[in-house]
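Scrolling down, you'll hit the structures one after another.
Two complexes follow with chain A in common, the first pairing it with chain B and the second with chain C.
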Partner chain A sequence: MARIIIPTPLRKFTNNQSSFETQASDIQGAIEDLTTTHSDLAKHLLDDHNQIRSFIRIYLGEEDINVLQKEKTSVSPDATISIIPAIAGG
Partner chain B sequence: MSEYKLSPEEKARYARHIAIPEFGVAAQEKLKAAKVLVIGSGGLGSPVLLYLAAAGVGHIGIVDFDVVDDSNLQRQVLFTVEDVGKSKAETARKKLLALNPHIKITVHNTAFTVANALDLVEQYDVVADGTDNFPTRYLVNDACVLKDKVNVYASIFRFEGQVSVFNYKNEEGSRGPNYRDLFPSPPPPGLVPNCAEGGVLGVLPGIIGSMQASEVIKVITGVGEPLAGRLFLFDAASFETRILKVNKNPKTKITELINYELFCGIVKKEETPVKEVTVQELENWKSQSEEFQIIDVREPYEYDIVNLGAELIPLKTILENANRIDKEKKVIIHCRSGKRSADAIRDLEKAFGFENLYNLKGGVLAYAKEINPALPTY
Partner chain C sequence: MNSTIILTPNALDTVYEQAIEIYPDECCGFLYGKEQCGRVIEQAIPVTNSKTGDKRRRFEISPLDYLRAEQYAEENNIQLLGIYHSHPNHPAIASIHDLEKALPYFSYVIVSVFETQIADIMSWRLRDEKRIFEKEKVLLPQYARN
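Coming up: the complex of A and B.
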């Protein structure tokens, strides 16, 4: 199963779970799977049009999905999906 | 370049650098000739400054308007107990010159703002961003892009750190991605707390700031491959590291500095004033045995650090707990500094028509400062 790594600022919406496993075959399915299980996360990840918010980056492996096929990017069972939020602490 | 030749004392001091085959005297002289602006001398700034000074960066500028606080000492290793209350930038200058008298330190004891950003950045070759809030992060980035400077970026939150080298000029002379290519817009206020609210593992800025210093040194000397076009992520809790690619975004356009508070959505709106009491008035009420209720709207972990014996109802649960708030006698609501408690009062007045709520001006911080200095602050 593919693994989504949840960043610290969003773990308050996943009962402090740091990762989530999904059988989805593309990024859109993986995010839907995640936000269905952790519904409070949805409004922070997705806008009113169900698009990923611009302050969140989604990576498949080391690649930004925006240079792949965006939400339609295929996900293999051994893939690692990273949700990258901006953090500002110094 | 003759003024940047190393003296015999400097050659002895930097012998371990010079011994590295890729480094040698030439790279050390580049460090001596370099001017680096370190913005923020806190968690990240402390290790960055210590290592850049030790490494022999010839001219370091420090931008910080803040003073040392007790709660800084858990991670800001430049400072000690005797520095509490003193200017961070001035204190840092003294410590760094004690570490390395061969370098020059310029203190900019001021906030980094739209008014001074371009002038400050222009005076230096490389910028290291160790700031602690989104508006300043975007300001640092934009000023570096507009003045054609490299921005060595790092940020931290709880157990996680990020490092990258933005706006790096490659051998062909073209600039790499910048912060806005990675994050075109900031998160809404409140989603990502700062370190004061959300906490940070004290050793984390030591780890991430050391990497930031290493990238500054690589950028200056040309030794190694800087982390340009890549984002390094570290999770101290799991000890996982990742390096992700950062691409330029053709939509990114930076032509001038803007209002960064507004951009980050944290401009103060016209807020309905709330009734206030000072900490001294609170003490008077106590001594006059006045009947009142006192409520603390901070988080439980903050309450554990320091509390005034109030009833704890965190801000996010205040409306659902309105039935616990007296409608007849005076009710003092407080938080750390007075902002969240003012928000709580506005919410309660709007939702339930309360007319007996008073905000404790300055919150726990004011109480600790004016009434009971023995209380811990954070």
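Coming up: the complex of A and C.
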């Protein structure tokens, strides 16, 4: 099964689990699977239109899905998906 | 929440050295350690300030550096507890830009640096569900410069 790495600041919404396994075949399905299981996580990852929030990046391995097929990017059973929050300040 | 954060000599040296080396730009990096009664930062790992344009007032960490930081924590069985950055020629008080971008859970350690001098160090953490920072009590090694 593909593995989603949960970023440390959001683990309180996954009962402190650092990762989540999914059988989904694409990124959209994987995120849906994750947010259905851990519903409190949804508002931190998805906007009102169920789209991934602008300050969240999703990586498949070490590639940004925005340079692949975005949410339609296929996910193989051995894939690692990372949820990456924007880190910035001044 | 009256949290405490302890920086070990190794971690503190890394933060201070990078703040001075990168001056007048803002430096940044990740903080790793353990959460016990308070937070103990055992290791600081610098990363590149990937902000495009003027880096003297802003910092940004690339998604790939963040991804690798989480990997590092997992591989070394250590917790990713926060982010540090410097405020060149400004106090170590969290700015509105820091607050806007802050994530829950993380400690945001800020170092005030004036050329070759570290002036101050503070740490801030978001109060859960509220967009306000709360100051953490920073405990430093005895030899530290402040």
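We take it that the second predicted complex is superposed on the first by the 86 of 90 C-alpha atoms of A that agree within 3 Å, B and C clash if a C-alpha of one lies under 4 Å from a C-alpha of the other, contacts with A are read in each partner's own complex, and residues count from 1 in each chain.
By our rule, a contact is a pair of C-beta atoms (placed from the backbone, for glycine too) under 8 Å apart; a residue touches a chain by one contact, two chains touch by 3 or more.
Quick caveat: nothing in here was measured; it's all calculated off a predicted structure.
Novice: If you stack the two complexes on chain A, which partner ends up touching A:Thr8: first (chain B), second (chain C), both, or neither?
Specialist: Both: A:Thr8 reaches chain B and chain C.
Novice: Of the two partner chains, chain B (first) and chain C (second), which one does A:Ser54 touch, if any: first, second, both, or neither?
Specialist: The answer is first: A:Ser54 touches chain B but not chain C.
Novice: Kindly classify A:Ile87 by the partners it touches after superposition: chain B alone (first), chain C alone (second), both, or neither?
Specialist: Once the two structures are laid over each other on A, A:Ile87 reaches both partners.
Novice: Could you say whether A:Asn66 touches chain B, chain C, both of them, or neither, answering first, second, both or neither?
Specialist: A:Asn66 sits against chain B, while chain C stays out of touch.
Novice: Please report the chain A residues shared by its interface with chain B and its interface with chain C.
Specialist: The overlap between the chain B and chain C interfaces on chain A comprises residues 5, 7-9, 18, 55, 57, 59, 62, 64, 82, 84-90.
Novice: Residues of chain A touching chain C in their complex?
Specialist: 5, 7-9, 11-12, 18, 55, 57, 59, 62, 64, 82, 84-90
Novice: Considering the complex alone, what residue numbers of chain C touch chain A?
Specialist: So the residues of chain C touching chain A come out as 26, 51, 57-61, 63-64, 66-67, 70, 73-74, 79-81, 83, 85, 94-95, 97-98, 101-106, 108.
Novice: Hey, which residues of chain B end up touching chain A in the complex?
Specialist: For chain B paired with chain A, touching residues are 40, 42-45, 129-134, 137, 154-160, 162, 182-188, 191-195, 198, 200, 205, 231, 233, 235, 237-238, 240, 242-247.
Novice: Using the touch rule from the top, collect the residues of chain A that touch chain B in their complex.
Specialist: 5, 7-9, 18, 44, 54-57, 59, 62-64, 66-67, 82, 84-90
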